[in-house]
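Two complexes come next, and they have one chain in common, chain A, joined by chain B in the first and chain C in the second.
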Partner chain A sequence: MATFTLRLRRYDPESGGPPYWDEHTVELDSHRSVLEGILQAKGRFDGSIGIRCSCRAAICGSCGVRINGQPGLACHTHLDDALASAADGVIEVEPMGNMPVIKDLIVDMDAVHWKKIQEITPWLINREPIPEREYLVPRDAMVDVTQSMACIQCGACVSDCLAMEVDSQFVGPAALAKAYRFVGDPRDAEPFERLRHLAENPDGMYSCTHCFKCVDACPKGVNPMGQIMRLRRIANDDYDIEDRNNGYRHEHAFVKNIRRNGLLHEADLLPDSYGGKFHPRAVPELLSSLPVVIRGLLRRKITPAKALLHPHKASKEVRAIFDHVESEPKRYELNLYVSGDDKDNEPAGAVAEGAKQ
Partner chain B sequence: MPEHDVLIIGAGLAGQRAALAAAQSGVSVAIMSKVHPVRSHSVAAAGGINAAIDVSDDWRSHAYDTVKGSDFLGDQDAIEVMCREAPGEVMHLEHIGVTFHRNERGELDLRAFGGASINRTAYVADITGQAILHVLYEQLLKHSSVVARYEEWFTTSLIIADDGACVGVVARDIRSGRMETFAAKSVILASGGAGQCFKPTTNALICTADGMAQAYRAGAPLMDMEMIQYHPTTLAENGFLITEGARGEGAHLLNKDGERFMSKSAPNKMELASRDVVSRAEQTEINEGRGVGPDGKGIYLDITVVPRKRTLEALREIVNIGKDFAGVDITREPIIIQPGQHYIMGGVKTDIDGQTPITGLYGAGEVACVSVHGGNRLGANSLLDTLIFGRRSGEHAAQRALSTPLPRISDAALRRDAKMIEEIIARPRSGRRVSEIKEELGTTMNSHCAVFRDGPGLQSAYETVHRLKEEAEHAYIDDSGTVFNQDVLGAIELGYMLDTAETTLAAAIERKESRGAQFRTDFPERNDAEWLKHINTTRGADGEPEISYSPVTITQWQPEERKY
Partner chain C sequence: MKVAYWPGCVSRGFTPELHGAMAAVAPLLDIELLELDRASCCGAGVIAEHNQELADTLNARTFALAQQTDGALMMNICSTCQGAQSECQERLDANAVYREHINATISSEGLHYEQGVTNKNLLWLLVEDIGLDAVRQKVKRPLTNLRVGPFYGCYIIRPAARIGIDADHPRHTYLEQLIEALGGTVIDYAGSHKCCGFPIITMNKTASLKQAGRHLGDAVDADADCLVTPCPLCHLNLDLQQPLAAAVVGRELAMPVLHLPQLLGLALGLEPKELGLGRHIVKPRSVIDWSQSVVAAAAA
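Entry: the complex of A and B
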């Protein structure tokens, strides 16, 4: 048993006053959760502390909060871990961000989270004809969508989404992860329409800035950003849907550039990102970057010879890295459910035995 | 005053399925829940859902396994309905989007589960309840023009008209504190179980017996309330559930000598005997000094015999629970478990269409007792129960509403409940705290109404609950606000739990035999001659539970000795 001090962000909408901090000291084993700490404070000292909670085991998604500034589930954070990340020996618990606070640690999820979910047509649009028995679909496809199905709608990813912070219209990580659950589902009739809608919406899937906040925040390993990247790749690779931010071509230009040069050749990267030097799309981009190029020359950041000829070529080692990566059998990237390798098919006991010897 | 043809209380699987079914008939439907629907406790159901889908399976085999699992206390007409309709229901779920895992041919994969004679359990990893609950909620969003949702509304009582019919409810908007009378032609209770009467429990904090107590106070009988399921594999410290799917995938139970002790009590089914049998075997090992862990009160669950990749893919949630809540990598080492309170087979007595003896009042899911589970529920039959009888209740309630006029009701019940809340808030800080009383209730029930019971223990628990009921009348709270006053709701829930625990103890004292989950050390044998019958508890004029009996319906399977 150890003692922990919790500093809770309180707000009473009926008082007319501003939010304030409220400290309570609780006694619990250190591997118990922050939620259990809050519930002890609520049970022993102050029943008016407001927090949604139910299952205590990270499956109902009720108790999303920020602990020492990090979004997550209160039931899924150990007290000792929370203490380790506390700035001054006191565990600080606040309501989630990006959503209005109703009372204490309770936020208005309807106003943001659930509204966004509704934007992505969050139900299966059946592929016809509907079979008499089950749809016959590949085994791996169902395992694959189970990762986004594992989302418990706790809102932790929404809480700290940086893109949403600057663009409140952004459909956001939770809703986009939910969108993958349908796009990746072979039973859905309209993956193309779903993707086109998310691509054409200026606050759709291309507004994600790739900051990884949602990946860190998610208590269930759903990896919302990974799902967003998969939506983008499927849109480009399978449906020829144009990436309005040019990120897809930029990524490919980058890989091609390094494979050839080993070091980045900036003069090629920009035009290649727009389809090559002579592509009509590239011309205005090249012209608009002329002032930057001229300033670079004047300040001797680059020389004409280096900029245009780029004498550096990819070394054997760089080519070996490419060969190695490209020879890997194709895997469902970022999907926790089907990652692993063949030795994981052995009974784990045997693996553990082997490790002991 | 909001008015609806069909009003459903509770938005777990039973409630949402009822709402969607009722809406098919074109009546006006509303669903009300004290939490957002996806927070409902159905979300925690892990292992799967049973249905005789396999070509070599037959619903009669499923029904027989269920009857045997129930220790012959289940009503066989209801069990036949459930098992016959199961394959169609699972296909319906598949069609609306549940991501059931597949076999190599792309068909639904089926896993082994306790008490089943064949692999019969369809599943989504070990988040089956979550997957189904979220998909049903997708359907509620799709049908939001025909199903009104009252999310985060707390029901304070059922309204019973002078002619004895249920005509609506009183509820409080948790967010604003506003009280409202809801008129309805049919009310379906789908508000879940009573696990919080016990500590520890696998059940969520919201499982506070609301619907059972509301129906009981309105005069409905509660049936089989003594039948409390202790799940064989829960974490010792906090009661968290380790899915039966782990044993379905091949995990072993071991005592301190490393012995697979299930060979003694269930030589054929071993770890996959029905839950009451496994829990008793574990408790016997513990009581006789062969337990493990620091206090010898645990049993090893060894999942390392399952291929690691399979564990990561199909049992991912418990990999996380082991890591996060017990500090154990279950793919590398055994985890310590023990029997823990998990489910209540009993509930508000209903027929196969969900009708209770109160006109206009229906029940479905854990709150209800049809009875398909009798003395012991099989794993993966609870999701099935919620969906089959949720749908049937919804359909029947909608049909009834088509030929029933909308009731006219006064605001008397609303004024009474509003006054009750004011009184709770105004209580002086002289009695005990609500949380203390709840704690004592939980530990009392877990000490005396668990895997093994006896008359004196049950009697002492009954007296404790009586005292707690008196103390609860004066228990004080801290929050006097209206917005999200969870404190006052906690005081109301405590009353629900105490009433319900009282009926459980009364029925457990009454049943002087051992059957299913009720094992009386003072009456260790099953006694079909005297006790092959349901025990009903009804609230008497003095507020005490009154006992009556109803017969068990037997269609094709005569009681026989139960061996696994």
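Entry: the complex of A and C
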């Protein structure tokens, strides 16, 4: 048995007072969870501490919180691990971010998380005709979508999403991972409509900033950002959905830019992402960038030659790689979630053999 | 120390001061740069979004070119290159069948990628290979009283497992360690490990600039003299786009943003001009004034 001090973020909107910190010292074995620590504090010292929980086994997704600033499940974080990451020997527990606080550690999941899940039509739309017996799905396709099916809707990724921090309308990582669960499912009848909706929505899949926060936040290995990249790839390259948010144009402009130049030519990328230098979409963007361009020219950051020309051209070897890979009839996509790592797949004997060397 | 040097695209494009500053500080740290001038763009995550195999092949080619040199390892000066290349390397190193498929494509050029290239950002090389004690000994102009806010860039700190962050390699703390080793004062502010917003500048401009503006504003509120970043793409949103970001968040910012080799160079005794500090959109007046006051104090 060891003692742990918890510093809990408390807030009761009905009191009219501001949030405050509250410390309690609990006694528990170090392998017990932060949730058990909170429940002991609630049971022994202050019954008014607000925490939502149910299964206590990382299945129900109820007890999402921030522990020492990092999102996670209180029931899935050992006290000794939490202590190791504490800045000052006290385990700090706060409610999740990007969602309004109802009381203490309880956030309003309905107002944000569930609302966004509803936006993506979170059910399978059957392909017709429905077979008399079961649908047969290729193994790899099924394993692939099980990664997003592993989501327990705890909200940890929503809590830490850096795009939602500045754009509360962004559909967010949990809902987009859920969307891939259906887009990637061969039984779903409407992947195109799903993708078109997410591509055309100004706060849809192209508002993901690629910050990897959701990847690290997820306690179940769902890799929401990886699912978002798949959604974009399928929308752009399988369905050619040319959206109004420049998602399609930006990707294609970037790829074309590198095929031509080998190295990125920034001066072309911006206008090309809007449809080309003289496109009505690009003109206001270029005009709004003009003061910066002039300052860049004056400071010799940008030279006229660099802005207009690009001294670097892709070698024939680099262009050959583009031509070769792009001419393949089907994209070769290694999915480590499906295939695993060679090291994990070696038979036990082979590992022992390797260890001898 | 000899390294296969990958400067990336932007250091030779819209942040030429970064490329120049790296060339200026390398000899002071006994780093010999073997520049990979035949290599191509890492794809910055966008090519992988389009076609993973294409990004993996281009980066396998870069790794193979690095392995052909006699450099001890491959070094980059861009958080985004680090992250995008680490992602491709993860797939290439995980699966022998896939690796050979990719190698078959680059073999026409006589290249072959051997599993397990060591590819490190300058920041990691400074802490893990050169060592902060050795860096400290080379400091000629300690950054005394210079208040510096670290700004990492997402790709160099997440996902933690792929980026190699563990108890022995707390890579998400290296900028703070380095600023201290150079004699500066680390500024703690909310944005240091957040996203600059650059990847969505053409897709959701307001959100992108709000991200940059908010972090810069937090640094202003924390009384920072400047920010320092190992990522030239972050530099584009934080410096080049700063006037637009200031308009979006509705406040004056005027926060200088230095590239990592520039801050390093100042501490190693180079002059602001040699490090291209005059080429920024937001002129780092506070830093230039500070460097002159240090010289004046030394002369007095």
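Annotations for the structure displayed:
What we mean here is this: the second predicted complex is superposed on the first by the 243 of 357 C-alpha atoms of A that agree within 3 Å, B and C clash if a C-alpha of one lies under 4 Å from a C-alpha of the other, contacts with A are read in each partner's own complex, and residues count from 1 in each chain.
FYI, contacts are C-beta pairs under 8 Å (C-beta built on N, C-alpha and C of every residue); 3 or more make two chains touch, one makes a residue touch a chain.
Nothing here was measured: the structure is a model prediction, and the numbers come from that model.
Residue contacts after overlaying the shared chain place A:H31 against chain B, while chain C stays out of touching range. Once the two complexes are overlaid on the shared chain, A:M109 sits against chain B while remaining clear of chain C. Of the two partner chains, chain B is the only one that A:P122 touches; chain C does not reach it. Look at A:C53: by the touch rule set out above, it reaches chain B but stays clear of chain C. Of the two partner chains placed by superposition, A:F278 touches none, neither chain B nor chain C. Residues common to the contacts of chain A with chain B and with chain C across the two structures: 336, 340. Residues 9-10, 12-17, 38, 40-41, 43-54, 56-58, 61, 83, 90-91, 94-96, 98, 101, 105-106, 108-109, 154-155, 158-160, 194-195, 197, 199-200, 202-204, 206-208, 210-211, 214, 236, 240-241, 243-244, 278-281, 283 of chain C are the ones touching chain A in the complex.
Remark: chain A residues 162-163, 165-167, 170, 202-203, 206-213, 215-216, 229, 232-233, 236-237, 245-247, 250-252, 254-255, 258, 262-266, 270, 273-274, 288, 291-292, 295-296, 299-302, 306, 312, 314-315, 317-318, 320-322, 324-326, 328, 331-334, 336, 339-343 touch chain C in the complex.
Contact residues on chain A toward chain B in their complex (touch as defined above): 12-14, 31, 42-44, 46-48, 50, 52-62, 76, 78, 102-104, 106, 109-110, 117-118, 122-124, 126, 130, 132-139, 141-143, 145-146, 149-150, 152-153, 181, 185, 187, 336-338, 340, 344-349, 351-352. Taken in their complex, chain B has these residues touching chain A: 35-36, 38-41, 43-44, 91, 94-97, 99-109, 124-125, 127, 130-131, 134-135, 138-139, 141-142, 151, 175, 204-206, 238, 240-241, 302-313, 316-317, 320-321, 324-325, 327, 331-333, 433-436, 439, 477-487, 490.
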